[in-house]
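Report on one structure; see the data block that follows.
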Amino acid sequence: MKRLTSFLTSWEALLVALLLIGVMIGSVLSPYFLSAFNFNALTSNIMEIAIMALPMTLIIIAGEIDLSVASVLGLSSVVLGLLWERGNPMWLAIGVALLVGLVAGCLNGLLITKLALPSLVITIGSLALYRGLAYVVLGDQAVSNFPTAFTNLGFGSIPGTEIPWSGLIFAILAVIFGVVLHFSWAGRQLYAMGNNKEAARFSGINVGRVKLVLFMLSGVIAALAGVIFTARFSSARPDNAVGFELTVVTVVLLGGVNIFGGRGSLLGVVLAIFIVGVLQNVLGLLNISGDIQSLVIGLLLIFSVLGPNLARRIQVVFTRRRLAVGSSKQV
Amino acid sequence: MAKPPEPTIELVGIAKQFGAVQALRGVDLNLYPGEVHALVGENGAGKSTLVKILAGIHRPDSGTVKVGGEVVELRSPTQAQALGIAVVQQEPMMFPDLDVAENVFMGRHPRDRFGRVDWKRMYREVDHLLVSLDVSLSSHTPVQGLSVAEQQLVEIAKALSLQARVLVLDEPTAALSSHEVEELFAIVNQLRERGVAVLFVSHRLEEVFTIADRLTVFRDGTHIITAPVSEMNTEEIIKHMVGRELSNLYPKSEAEVGEVVLEVRQLTRPGAFADVSFQLRRGEILGFSGLVGAGRTEVARVLFGIDRAESGEIWLKGTKVHIRSPQQAMDYGIAYVPEDRHQQGLVMNFSIASNVTLAILQKVSRLGLLDPRREQKIASEYSSQLNVRSAGVEQLVSALSGGNQQKVVLGKWLATNPSVLILDEPTRGIDVGAKAEVHRIISDLAARGLAIILISSELPEVLAMADRVIVLHEGRVTGTFTRSEATQERVMFAATGQER
Amino acid sequence: MTTTSQDQERTKQHGQVSQARLLGLVNRVRELGLLIVLLLIILIVGIQAPRFLSIDNFEQILLSVAILAIAAVGETLVVLTRNVDLSVGSMVGVTAFVTAYFFKQLPGSNLLLGILLGCALGLVLGMVNGLIVSFGRVPAIVATLGTLYVYRGLIFIFSSNTTSQVNASDVPISYLALATTQIFGIPALILIAAVIAIIVGYFLHASQSGRQLYAVGSNPDAANMIGIPRDWLVFGAFAASGLLCGLAGVLWGARFATVDATAATGLELQVIAAVVVGGVNIFGGSGTILGVMLGAIVLGTLQNALNILNISQFWLLALYGAAIIGAVVLDAFITRWVQRTILSRRKKA
């Protein structure tokens, strides 16, 4: 495990460097960049993605993936809006929205664990299904007359600071997820599953149950992100957060988590979240449109894997008498 | 019978190094047409490296390879194939989604005059090949459902269709039942008659004596001896393989056998085994003998909660139990060291410590958080107890030798403090020295009061280690012997289905 | 060997053949199943709304999925090799926009030139994907997720520097006619899609490289071992996907006339749905073009049915999702049934 840690640290070091570079570029390009107000804007903007990235990290390390998160966000947002519009108290609306997320995640989890179906395809399907249901619930309407107390949750800050409430929620969740992943026995189980599902099972780990819990968690958290999103924009629409799942996966992969599972750290993901946040913020300050921001993120994603691969290839070319790693393993 | 002077394959002074490991130190080997040549040696002797060189997967650092009298450089598997060298690996690499015919002809489909794939001709030719080998497979059969034995036959058919002059069989009988081994040998004999040179790499000396004309022994990457099989006997061969007299391969200390710990009554799992009943006592080593596929691992899987039985009862220390998951089995004090340590026993990317503690995670945690010091302590304890040779408990298990890896798996399960320990082929793929160590450990464990089930396909191992032997054949118990009653003959009899 | 045992062998082999044929039939189950589903839908909806059963309507359905089908053919090639191409929507969008713009700026130019431009652009985009996956060794999900963003962003850059939208009035009629002409009474779009499906389907069945694609997806390591040019084949599959998306983009511009930078956003979902519903294994190694075409038609029919029955189109997305999930669940059950009944029967033989 230590060897793994030392490797991961070097990727995180790179991320820290990238983050610092981003911050420096930002402060040079715009006088507003280092203001507290901007920090608030930067953070609030990325918080929904940040929050969803936490369970996504665990899921990918465990060897699966959940592409339906943004759709669950949209669905729960719409349910929240609908209940509120029909005159229900806010706490009930929020509660049901969270429940919807739980159920959605549970459905994903059951299909993937009980029927042993590939998570990539299933969550592409549920991505469409849940988003579709959001449209069915609200059509092309939007609900927007939310109480200020609620919307303050979304874009308000902790009194006396510029830290958004959502930032606090994220911080708490990040600490919890980080501790669980890296220091608890449950986290060890996740790494085991991601590396070798069979061996994990043969060690008494209930792989199915753990994954089911992960997907349910992902659903609830996505619903929570939906509540925050709705509050921030003061609007519940079926097309809320369309496409966000791709950014969430990008952030996790950029953070050094291996797409095939078994490797990665939460610290890396948190760094990656802020790198992407800074990126979006800087580009926004430069008046560059959201789609071009996505272009940059896409490039980042590709190079986060391509870079190390190419570096390794070049290394091989320069050191001709390199160990043939695979063939030296003799059973 | 005079052998033609021209060997099909001539290897002279082949050396190959991997990093710090010298896998082959200038070995020689000749293969003549129509001969079956056995290559034996312990693990790490260099046999698989040589096979990979012949297959074109590795290039030798030095030495010459001559095929049909001409010096060649085997640069790739395709080239080796083109030169007429066919290799059947231990686990044949097949295309499961395609049928037998395409597996035989992939990459060289027969074509019609328009350049299109000629399906009819392909099926016809493959069927012809299969019939000529007396194999009852159809070219249309999807490879997905084929057993390992059948897959090997497909590979051999492929070799024939390639007009192979040399066929290398790498540990072909490891996963075969004795009937399938017979069929394989019949085919090998056919190939011999056709003038194909066969290199037969194997651990199993009884088979070498059955099928081979000459044999070569490798040890530590060096060529030790080549001689006609008729001029050698088992002790001599082992001596060459090991380089020393092995006095005690099976150290067994007598253990005091106590009360019944596990009782199984008429356990049945359709398609796997039926009506299996036995008792297991404290301090006892119960051997499970039988051919591959007899159902022994299946019984173990049910006892460990991976599979479920349809009917029958399991009693632990006088109480009837239902084992529905590995975790439950562990709670009942049952531990299972699986057959395949790479796929099932270890997480290769984890350290020794992480592997050892994988089944006892909660025991090394406080308030949910892992205690690294306790982990290290437990790992070190078992590591030294079992004499695991490593660079420390933080070393990745992928860097360990087979024998040491197996000890780590053992350590992991001993750490769960079981009362019943099921060992499934615990010494498979381990060199002789480590084998003896593992046997000593097993013996000690029994002496300490553990109840042990030893599943093994190596008859000498079972006969030497077990206090009692149960034999399974096609899912049914066909023989129960005490240590004194069990002989090789009686056990084989029961294993092949003949009951006394 | 005595004659009787030779006879025994022959009988055994004969038994093998019939079992193999049975298994082969099961593989065809997916296509049969799709046909049955199609017929069921036609029946159920037809009873409720007879105009559903008109040839005109069926033509509408085929028209609506023709472009999707072309992209799906390309995606099939990629998925067969155990990869996935998530950038198809962006590739179609890029080529649609660029081609439409080309015709807007140079209205007098040769129609064929414009078409080739679009296809060539698609090919280049596909080759980039292929390079990143095959030679950069980046997993396909990651690579095409990235290019999905990158290509889409490129359209935005391109459009902000040129024009935000190309309208029907901006392009020559000959271009728009691509989408509306009929040959022998059948719309050209449908014919093009059909021809492509037949060509690629034939390629997959009758050519060495086509068979090798299956091998690569079924066992990439084994394919490599026997000398199959795995990396080039995967590269080729992505390139072909790009080329076909290029063609689809050209036709998209012709059909939808008004093209902006958001063209074909989200198309990848429909394409993957068609591929999955069509019976292609997401892990590669098996699947047919016929199945994918049927899958696309079934999905198109569902959409049309929603329309005819006056069910809100908002159900469409949910239906796509349910179809994908349903197809995968069904496949799992079929595979399990096959393994349990047919294969165990073989063991007893």
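When the chains are written out, they are named A, B and C in that same order, and each has its own residue count from 1.
Simple rule for what comes next: contacts are C-beta pairs under 8 Å (C-beta built on N, C-alpha and C of every residue); 3 or more make two chains touch, one makes a residue touch a chain.
All figures in this text were calculated on a predicted structure; none of them were measured in a lab.
J.: Counting only chain pairs that touch, give me the topology of the graph as line, ring, star, complete or other.
T.: complete
J.: If I average the CA coordinates per chain, which chain comes out farthest from chain A?
T.: With centres defined by C-alpha atoms, farthest from chain A sits B.
J.: Where are there more C-beta contacts: A-B or A-C?
T.: If we tally the C-beta pairs in contact for A-B and A-C, the bigger total goes to A-C.
J.: So what's the Cα centroid distance for chain A and chain B, whole Å?
T.: Once rounded, the distance between the two centres reads 44 Å.
J.: Once you find the CA centre of chain A and the CA centre of chain C, what distance in Å lies between them?
T.: Taking the average C-alpha coordinate of chain A and of chain C, the gap between them is 30 Å.
J.: Can you list the chain B residues in contact with two or more other chains?
T.: As it turns out, chain B has residues touching two or more other chains at 57.
J.: Hey, which residues of chain A end up touching chain B in the complex?
T.: Going through chain A, the ones touching chain B are 1-4, 179, 183-186, 188-189, 191-192, 195-196, 198-206, 262-263, 323-324, 327-331.
J.: Provide the residue numbers of chain A that touch chain C in the complex, in ascending order.
T.: 111, 115-118, 120-122, 124-133, 135-136, 139-140, 238, 246, 249-250, 253, 259-260, 289, 291-292, 294-299, 301-302, 305-306, 309-310
J.: Could you please specify the touching residues of chain C with respect to chain A in the complex?
T.: Against chain A, the touching part of chain C is residues 84, 132, 136-139, 141-143, 145-150, 152-154, 156-157, 160, 261, 269, 272-273, 276, 282-283, 312, 314-325, 328-329, 332.
J.: Show which residues of chain C lie in contact with chain B when the two form their complex.
T.: 1, 9-10, 12-13, 16-17, 19-21, 23-24, 205-208, 211-212, 214-215, 217-219, 221-223, 225-228, 281, 284-286, 339, 342-344, 346
J.: What residues on chain B touch chain C, complex-wise?
T.: Counting only chain B, the residues touching chain C are 57, 76-78, 81, 93-99, 102, 106-107, 109, 111, 115-117, 127, 130-131, 134, 136-138, 140-142, 144-145, 271.
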